[in-house]
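By letter and in written order, the chains are A, B, C, D, E, F, G and H; residue numbering begins at 1 in each of them.
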Amino acid sequence: MAKVSVVMGSDSDLPIMSACMQALDRFDISYEVLISSAHRLPEDTASFAKNAEERGVEVIIAGAGGAAHLAGAISALTPLPVIGVPLSGSALGGVDALYAVVQMPRGIPVATVAVDGAFNAGILAAQIIGASDQNIRQRVKQYKEDLAQQVRKKNQKMQQIGFREYLDEKAK
Amino acid sequence: MAKVSVVMGSDSDLPIMSACMQALDRFDISYEVLISSAHRLPEDTASFAKNAEERGVEVIIAGAGGAAHLAGAISALTPLPVIGVPLSGSALGGVDALYAVVQMPRGIPVATVAVDGAFNAGILAAQIIGASDQNIRQRVKQYKEDLAQQVRKKNQKMQQIGFREYLDEKAK
Amino acid sequence: MAKVSVVMGSDSDLPIMSACMQALDRFDISYEVLISSAHRLPEDTASFAKNAEERGVEVIIAGAGGAAHLAGAISALTPLPVIGVPLSGSALGGVDALYAVVQMPRGIPVATVAVDGAFNAGILAAQIIGASDQNIRQRVKQYKEDLAQQVRKKNQKMQQIGFREYLDEKAK
Amino acid sequence: MAKVSVVMGSDSDLPIMSACMQALDRFDISYEVLISSAHRLPEDTASFAKNAEERGVEVIIAGAGGAAHLAGAISALTPLPVIGVPLSGSALGGVDALYAVVQMPRGIPVATVAVDGAFNAGILAAQIIGASDQNIRQRVKQYKEDLAQQVRKKNQKMQQIGFREYLDEKAK
Amino acid sequence: MAKVSVVMGSDSDLPIMSACMQALDRFDISYEVLISSAHRLPEDTASFAKNAEERGVEVIIAGAGGAAHLAGAISALTPLPVIGVPLSGSALGGVDALYAVVQMPRGIPVATVAVDGAFNAGILAAQIIGASDQNIRQRVKQYKEDLAQQVRKKNQKMQQIGFREYLDEKAK
Amino acid sequence: MAKVSVVMGSDSDLPIMSACMQALDRFDISYEVLISSAHRLPEDTASFAKNAEERGVEVIIAGAGGAAHLAGAISALTPLPVIGVPLSGSALGGVDALYAVVQMPRGIPVATVAVDGAFNAGILAAQIIGASDQNIRQRVKQYKEDLAQQVRKKNQKMQQIGFREYLDEKAK
Amino acid sequence: MAKVSVVMGSDSDLPIMSACMQALDRFDISYEVLISSAHRLPEDTASFAKNAEERGVEVIIAGAGGAAHLAGAISALTPLPVIGVPLSGSALGGVDALYAVVQMPRGIPVATVAVDGAFNAGILAAQIIGASDQNIRQRVKQYKEDLAQQVRKKNQKMQQIGFREYLDEKAK
Amino acid sequence: MAKVSVVMGSDSDLPIMSACMQALDRFDISYEVLISSAHRLPEDTASFAKNAEERGVEVIIAGAGGAAHLAGAISALTPLPVIGVPLSGSALGGVDALYAVVQMPRGIPVATVAVDGAFNAGILAAQIIGASDQNIRQRVKQYKEDLAQQVRKKNQKMQQIGFREYLDEKAK
């Protein structure tokens, strides 16, 4: 049984959206991955949204580009928290998707992350689950410490070898 | 039986959307006016969209603001042409609604008019009906001639009295 | 006799605008393709716009970039519905064309589709013709079902092989 | 003990942010309300963020305008889910706050709602709590049904009295 | 015989466009003022554009808002320099008009001034006439000196009375 | 003696700005080409601006990117008409240069062309000179006819061979 | 002798720019206030910029709107740090001024603050002086502590009386 | 002991941020280079900000992209002047970082330079140090003269060989 549903509007979104699954894998959170579409497959999307809760899903992540309605269309039909990932594929470069995902009307929110921010959608799902699950919450804490540690190590390395050599190594 | 369905996401959209009915009245095109919402009333909206065709509707006009999904959500479920009116009520002033209405994905178009362009949505509906209905088409032609005549008369008046007096009269 | 006229401002627009003809071909809707220009060939464009109706054209599609006036210039001179395709070629990336196409003044609408949305312009033309032509309308319905079926199949495949293998296949 | 912490960068944000408390009141979710500031009171903000978890807070809501760092600064120091409300007070009208809240770097998400979307921040907090709390989830469902019912009633009224009279009543 | 034609798309543009005539009056440059419209009165606009040259006009100023095509439509049909004034009346606040006026295609320029910059359009017309007319050029020079003198005087006054008293006087 | 001065802020602007000289060459209008900079070489730029008139220059064209002040800085010091070309080189893609060139204060206009519109700056200079020079004006007319003829020929060719073959030929 | 020069492009900028003097007054930093203009008074502005250093000025603050070149024009002619305040008065609402102030070319920076951020320009000037002046630096520290204390007090008050009463008091 | 601290949010910012060190090297100003992060390493960033002053740092430069809070987070905790460099790496191309860096609230300024303007951040730091250090100030003056000289030389070369040959040489 999946705790998180990751839905995307098209299989062309998969390369970016897969960062989402990568994040969830870090916390051993079970998930399912679906292609649906608010516009091309509206009724399946509606059925999915209405049934997700019963199937035990706790958080839904939806990624779409352009007039990105997927997250909003799902949020309209479920009491579960819905995370929206605006994708940058269109000619307007993602600002269209951002506005279409985040500017939801009173009563029906979408928890929006950065344009192409699929990885963070996964982290946010973990934080939402961690709001009540101490194990996941501890792992989120650990993840943040690891993140801090990584930056610290990079900084230490740069202090040791100097920024010029660091830059040379990166360029290789 | 209504030829045109005018749908809006909230009754607060009615003052702007009523320009739409004003335009349709010019051509004696029958219409119905509904409040529905892609996000607050998704299933009624879906039923409406799926049944509009059978009920004899030929063109649908949908106005919404913010993450304006109404026109797209309807277009997803009907073979009828759907005209979208992006509304300017949100903090971002309508550019959000414009992007959310116009940037539809491949296969599911929305015929988008200007931000707050409800009157033009009515004219466009008349033009769409006039694509096959010679009577309406003649009336659209006449409307355009009237429009031209109005501008011509204003210009003639300004030529007669001069722009300063014209300006004074307007200011009164 | 063409039911749809597809006009573009420059032959450099043809690669993107040809998606429009591809869409019309799906529905066996007859069309003509023209290069004209509101700015470089204004009088031919005006003649075209004024005569289109008499020649039996029912819908006009006009694609242009930058200060994209082609659709508006045509709409000014015909009672037919005009679909505008804003193109993204300029340094401002298409937002200029979008505003120049969609923000038409009261009385003279342009049915605007997404930036570079030439394919959808063709679909919208079919929907407009289908407003009165049951055959075309049925084919639009069928097209939408096919579209839904395609997404469904992609989803089924991903459920079978998993998103990782699906991603690998796409990358090949 | 408060389940939700509502933090705002300035007391001038309170009129808009109070919609947040109004939403939480609907679900009888306990909350605390604080003024803090990522820039003017950074250390208190950091202490708050680090201790929120221990104090039993499950969700944090942070509203700020301009270079709105409050939500991000808190998210950096807690494993709890943080909801960001971009506020529109600055000369750039909220697009600055939206970008500053939503475009968070890999690893540290903020669940962003619409510009000035304080009410929806409260609903989203309820949905997050409802991800594990069946009682709250049921109330969220009920709330959505009430919302649908409200729109339905408005529509029914408009169908009965006609849009013109409806408009007249609203204008009063 | 008018040297400058000032054309505007609607009589509602007259309050802003009259600053243009005010500027031309400074240099005793003869002008005519017309209301025409690229969209509502396309053929009169075309006739005007084609005949302006023969009637002795040397510079054309065109002001319009929204999908502001007036300046471009005129430039398409005359060898005369055309100055475009983007107007801010639409819901998008003038950025639409600016893009629609300035982003003209290769071969057909419009000399664009600031949004609502009608006064500067008049100054620019004077500068264009002054390119070959020494009298007007001298008066443009004088105008610029007067402008400098005005700023200098304001500064001198502020130095004398101090900025606080200066501010108080302005507030009265 | 040069009638037109073409100034650019950096030699990196030369590839785009050279389209300007190409346009002027069409009309055998004499010109000079300079690199100057409002920010890096402010005093030379000021001297240039103040002396241009005496040296017989009639029109100045200035191209710059980013906070593009060159055209405005020159316009401040000459009664001659100044054409500004906003260039797209910066991270913000030219919208910064457009605003910095076009939004000039009351009294000091810059005749702004499209982003990277160097060719049109040359055409506009010819139109300005043609305002008083019948020979140049006739050549501008001829140029516009040639332009029209080119589009017409492309259209004729496409009518003959069909858009598919036309597209194939272009792709080669 | 003034340590800080506060320059503004027009006396209409004084109401907003006076917040700058208010900030400097907090630190007893001596200043002068001038009206100059990069476009209307370019030579006086240039003289001012070149002489400021000799007159003992250490920091220059320049505020302007629209195509806001004042700060850049001054920075071009002085080795002193120049702080730019983009002002929001134009039809484009300040985004034009922001881009024109901040996007300076390589070699000639302007230290840009928020749109209408005149108060912060004063604080930044104090911080710059405080980089070498321990007395001013201590006062900046004290100012920041006062600022923190203010927010803390507001928060304490809200904790005591509750946000509802706090809101009521503010509304009075 | 470093006079300038250059901090960046990620080692991926180093290639652009290294232009900063290049600028400081010109003036033999001592500096340190650090990787820290307002979001991933908030406490180390806070410690750094609080201690910088004591360690003898006089100016801090902070570069970050997206919801770029680094400069603001540091400015919140130090009386030193903080220069912010908005970086363009995100899907929104740097406008997000610009708004997040420059739109700081009253009391806590960040001296913002252009998007990706790391070199200018170094020059600005030199100017700030030069506000009290005559040696550095003289070198800034010299730098500006060198800059002017470079442009002058390029111009002279172009005058000698003509723009066509100059263009050819550049293209090689």
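FYI, contacts are C-beta pairs under 8 Å (C-beta built on N, C-alpha and C of every residue); 3 or more make two chains touch, one makes a residue touch a chain.
Remember, predicted model here, so these are calculated numbers, not experimental data.
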Check: Going only between touching chains, how few steps reach chain F from chain D?
Finding: 2
Checklist line | Those chains which touch chain G and also touch chain D | finding: H
Item checked: Taking each chain's C-alpha mean as its centre, the one farthest from chain A -> E
Margin query: Between chain B and chain D, how many degrees of rotation does a Cα superposition need? Round to steps of 5.
Written below: 90
Item checked: Averaged-CA centre spacing for the pair chain H and chain B, given as whole angstrom -> 50
Item checked: Intercentroid distance (Cα basis), chain D paired with chain A, Å -> 19
Check: For chain H, which residues are shared contacts with two or more other chains?
Finding: 10, 37, 40, 43, 66-67, 90, 92-93, 95, 98, 102-104, 107-108, 110, 114-115, 144, 147
Checklist line | In contact (per the touch rule at the top): chain pairs | finding: A-B, A-C, A-D, A-H, B-C, B-D, B-E, C-E, C-F, D-G, D-H, E-F, E-G, F-G, F-H, G-H
Checklist line | Partner chain F, residues of chain G touching it in the complex | finding: 9-10, 37-40, 42-43, 46, 65-67, 69, 72-73, 75-77, 90, 92, 95-97, 99-105, 107-108, 110
Item checked: Contact footprint of chain E on chain B as seen in their complex -> 88, 93-95, 98, 114-116, 144, 147-148, 150-152, 154-155, 158-159, 163-164, 166-167, 170-171
Check: What part of chain B is in contact with chain D in the complex they form?
Finding: 10-11, 14-15, 18, 21, 33-37, 40-41, 44, 66-67, 90-93
Check: Within the complex, which stretch of chain E touches chain F?
Finding: 53, 58-59, 79-83, 98, 102-104, 106-115, 117, 119-121, 123-124, 127-133, 137-138, 140-141, 143-144, 147
